[in-house]
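Below are structures written as structure tokens.
The following pair of complexes shares a single chain, chain A, combined with chain B in the former and chain C in the latter.
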Partner chain A sequence: MESFSFYSMSAVALVSALLVVTLRNAVHSALFLGLSLAAVGGLYAVLGADFLFGGQILVYVGGIAVLIMFVVMLLGRASDLHLRQVNNQWMAALLVCGISFLGLWKVIGLFTASKTQTPPRPTTHELGRLMLAEYAVPFELISLVLLAALLGAIFFSHIDKKEPS
Partner chain B sequence: MTASGSEPSQTPLASAAPAPKPAAKPAAKPAAKPLPEPVFNQRAGRLIRDTRYWPTELWKDPWASQSYRRGAAWLAGIILGIFATGWAVGELAPWGDRIYEAIVSFVSARGWPAVVGEAIWIVIKALIVLHVILINGLWAIWWERKISAHIQSRVGPTYAGGFHGWAQTILDGIKLLLKEDVTPTAADKWVHALAPAIVVVPVIIAFAPVSFGVELSAANLDVGVLYIFALAGISVIGIVMAGWASGNKYSLLGGLRASAQLVSYELPRAFSVVPVLMFAGSLNLQIIAQAQSGYWWGVVPRWFLFYPVVGQVAFAIFLIASIAETNRTPFDIPEAESELVSGFHTEYSGMKWSIFFLAEYGYVLLASFLLAAFFLGGGAAPLPWLSAIPSWIWMLSKALFMMFVFLWVRWTFPRFRADQLMDFNWKFLLPWSFANIALAGAYLLWI
Partner chain C sequence: MTLAHYLIIGAALFLIGLFGALTRRNVIGILMSIELMFNAANINLAAFNRFLHPEGVAGQAVALFIITIAAAEVVVGLALVLAIVRNTDTLYVEEFNLLKG
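Now for the complex of A and B:
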């Protein structure tokens, strides 16, 4: 039962990810991106990482996917809806994907021996303790990076109103 | 538009004497028959300005009217009847346990695997939760129509079903089922058809961890609060899809406004609950409700609403953001009728259109139950000597009261402008919800 859910979720995630880059309509691509991200959240749920599932859906499906749709709809041109979206550098993209897949495969190989065999229990309490005690410094560093990205986005999109045009 | 200045203004009355002196009517329309002299409302001997006729003599002594007495008796009878039924039935959780045991013994007597019993039980729970949402749709629409009518001095639906037009929504539902399902030529057919489903399905799934009383929820999830907020966020995609796929520029504008508003208001909504989670120390709705049991000095319930300052600020921000999340009137710029011809659902008709409304009322009910669980003590009785009445009755009463507040707000306030809406969220609600988290931390550290 669990492996059936796992493989069906994986299939949904992979097929919809493929449709994101092959469909001609940009809005359809954005929708399938949302589906793909939701299926990844489903994978977390199947593996017993319930907090990660909630976070994935909240941030990626409810936030990122909606923002991408917002941008596609706001800045969309008529050509977005029927022209081929795949660009000419697909060879390079395929190469990058292959190399990162191989790297991840090696990393997974290192950790397969230490896989836990116990059934997962609710872990939110533990997760919170780890984030704010043992891994507090990396956690804050990531927050700093996100804050810098936020300020950068505001800086670059800011229009100086005082300057006379 | 050009004839707007034809009505004579009432400015001479601004400085009028305390008595309802018959105002000298400016002879504006000589041809028309003279209207009866308006009776103006007064309070404490002074006129309430800018009001027109209200049957004051009728409301001097409302108990003299037989229909008023009968209505009050009905209301008291209904409330007492609900409480008596609750007292007779008792807690619902033991009944659930009994049904579950019956299913398990039936399955094992037949020699089927135990998974079958679990599956049947899950299906029963899912069906019950689904019907909570469906029946809520019927009930909430009727209630909204009656309450909006009485707020506006009308009577609302009266005939269908006999008792205050209770069957009106059922008849309207049949009408909507029989209406033609129109898909515009300019629409993207698949996205247009899927959008209502994407809007309504997350509401139904999000009800899984909602607690309807002590030990009474379809799934006792450890991350219940996060799960509800996460799934409630998916509906935005459906609204954006509906707006884009309709092939109509008003709908597109509605979809854009909806995505901007809902993504913005999700933040203060989630952050306003953080103090509650800090006090309760859990994301589980059952544990949050349990953390509020007991009474201060034996009378004041230990609800999070009564925690000084922190509780009230969190409650207010959560209520405001929840109203914004359901696209209801002070925050209904995504579907503003006067600007966007009802926005993202302009091009929908029949059942597809009504599914959007089912989702909206589902979200209202969800927010009401969350408000009851987070701030109003869940299934706890408001006074210690009322605890003979079971928790599900209290939970339902609190949720329905909060639902009344939702309707009350909708029919009282005018609509925000789009930029005011964003300013209010980013410059007022969000900073105050952060300050509230800091204040809750100070409480936990030093008190």
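Now for the complex of A and C:
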């Protein structure tokens, strides 16, 4: 059962990620990005990370993918569908990715022996305790980062009405 | 399922994202590829936590921090993209040459 979930979720994640980077229509790319992120959330569930699964669906699929979809529809033009969406360095990029994959494959070969024995258990209680005890300072810093991002987004997307354009 | 299966999926997802970030002309496409790379890192963190340290949840806590940082990054990135596109009237990164004057 675990291997069926693993293989189906990773197939969906990888195929839709490939479609994200190759499709010409940016709206389709954004839709497949949402599907790929949801499949990665499924992989978290297979790994027994239940709170991470919920956070992935809430923040990534419900927040980031929808936000990207909004901006794509705000800025997209019909003429984009007839233009090439890939620059002329794609062969060099493919070479870089292939060589990196060979190197990563060799490193991953060191980890084949490890197997899991313990069944997964609920993690929410322990994560909450960790956030307010050992990771309290990073937790507060993250809230500052979110506040700065909020103010920055308002500042950069603000239009000055009085300025003649 | 061994740890290596998850690490291979993470590596493949990361390299797909890297390929997209290197080759897309559309700036929103580059942002989407960067999101894929963040997710690959998170898969690796959750897998290492499950297989090497199943008694703790520190890897999942770091993955949660990464999800938060990614949300902040994409919000600021999309606001910057909106401002740049309003000024230059194009979505393609090779035409972003504001520093040339």
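Note that the second predicted complex is superposed on the first by the 128 of 165 C-alpha atoms of A that agree within 3 Å, B and C clash if a C-alpha of one lies under 4 Å from a C-alpha of the other, contacts with A are read in each partner's own complex, and residues count from 1 in each chain.
We adopt the following convention: contacts are C-beta pairs under 8 Å (C-beta built on N, C-alpha and C of every residue); 3 or more make two chains touch, one makes a residue touch a chain.
Model, not experiment: these values are computed from the prediction.
Of the two partner chains, neither chain B nor chain C is touched by A:L144. When the two complexes are overlaid on their common chain A, residue A:L67 makes contact with chain B and with chain C alike. Look at A:F6: by the touch rule set out above, it reaches chain C but stays clear of chain B. Looking at the shared chain after the overlay, A:A17 reaches chain C, while chain B stays out of its contact range.
Of the two partner chains, chain C is the only one touched by A:S100; chain B is not. Chain A has more of its residues touched by C than by the other of chain B and chain C.
In the superposition on chain A, A:T112 contacts chain C only, with no contact to chain B. When the two complexes are overlaid on their common chain A, residue A:A136 makes contact with neither chain B nor chain C. In the superposed model, A:V27 makes contact with chain B only, not with chain C.
Once the two complexes are overlaid on the shared chain, A:G152 sits against chain C while remaining clear of chain B.
Residue overlap on chain A between the chain B contacts of one complex and the chain C contacts of the other covers 51, 55-56, 63, 67, 74. Note for the complex: chain B touches chain A at residues 188, 191, 221-223, 226-227, 229-234, 236-237, 240-241, 243-244, 252, 255-256, 259-260, 262-263, 266, 282-283. Those residues of chain A whose C-beta lies close enough to touch chain B in the complex are 25, 27-28, 31, 34, 38, 50-51, 53-58, 61-63, 65-67, 69-70, 73-74, 122, 124-125.
The touching residues of chain A, counted against chain C in their complex, run 2-3, 6, 10, 13-14, 17-18, 20-21, 26, 29-30, 33, 36-37, 40, 43-44, 46-49, 51-52, 55-56, 59-60, 63-64, 67-68, 71-72, 74-77, 80, 83-87, 89-90, 92-94, 96-97, 100-101, 104-105, 108-109, 111-118, 120, 123, 126-127, 130-131, 135, 138, 142, 145-146, 148-150, 152-157, 159. Of all the residues in chain C, the ones that touch chain A in their complex are 1-9, 11-13, 15-20, 22-26, 28-29, 31-33, 35-36, 39, 42-43, 46-47, 49-52, 54-58, 60-61, 63-65, 67-76, 78-83, 85-86, 91, 94.
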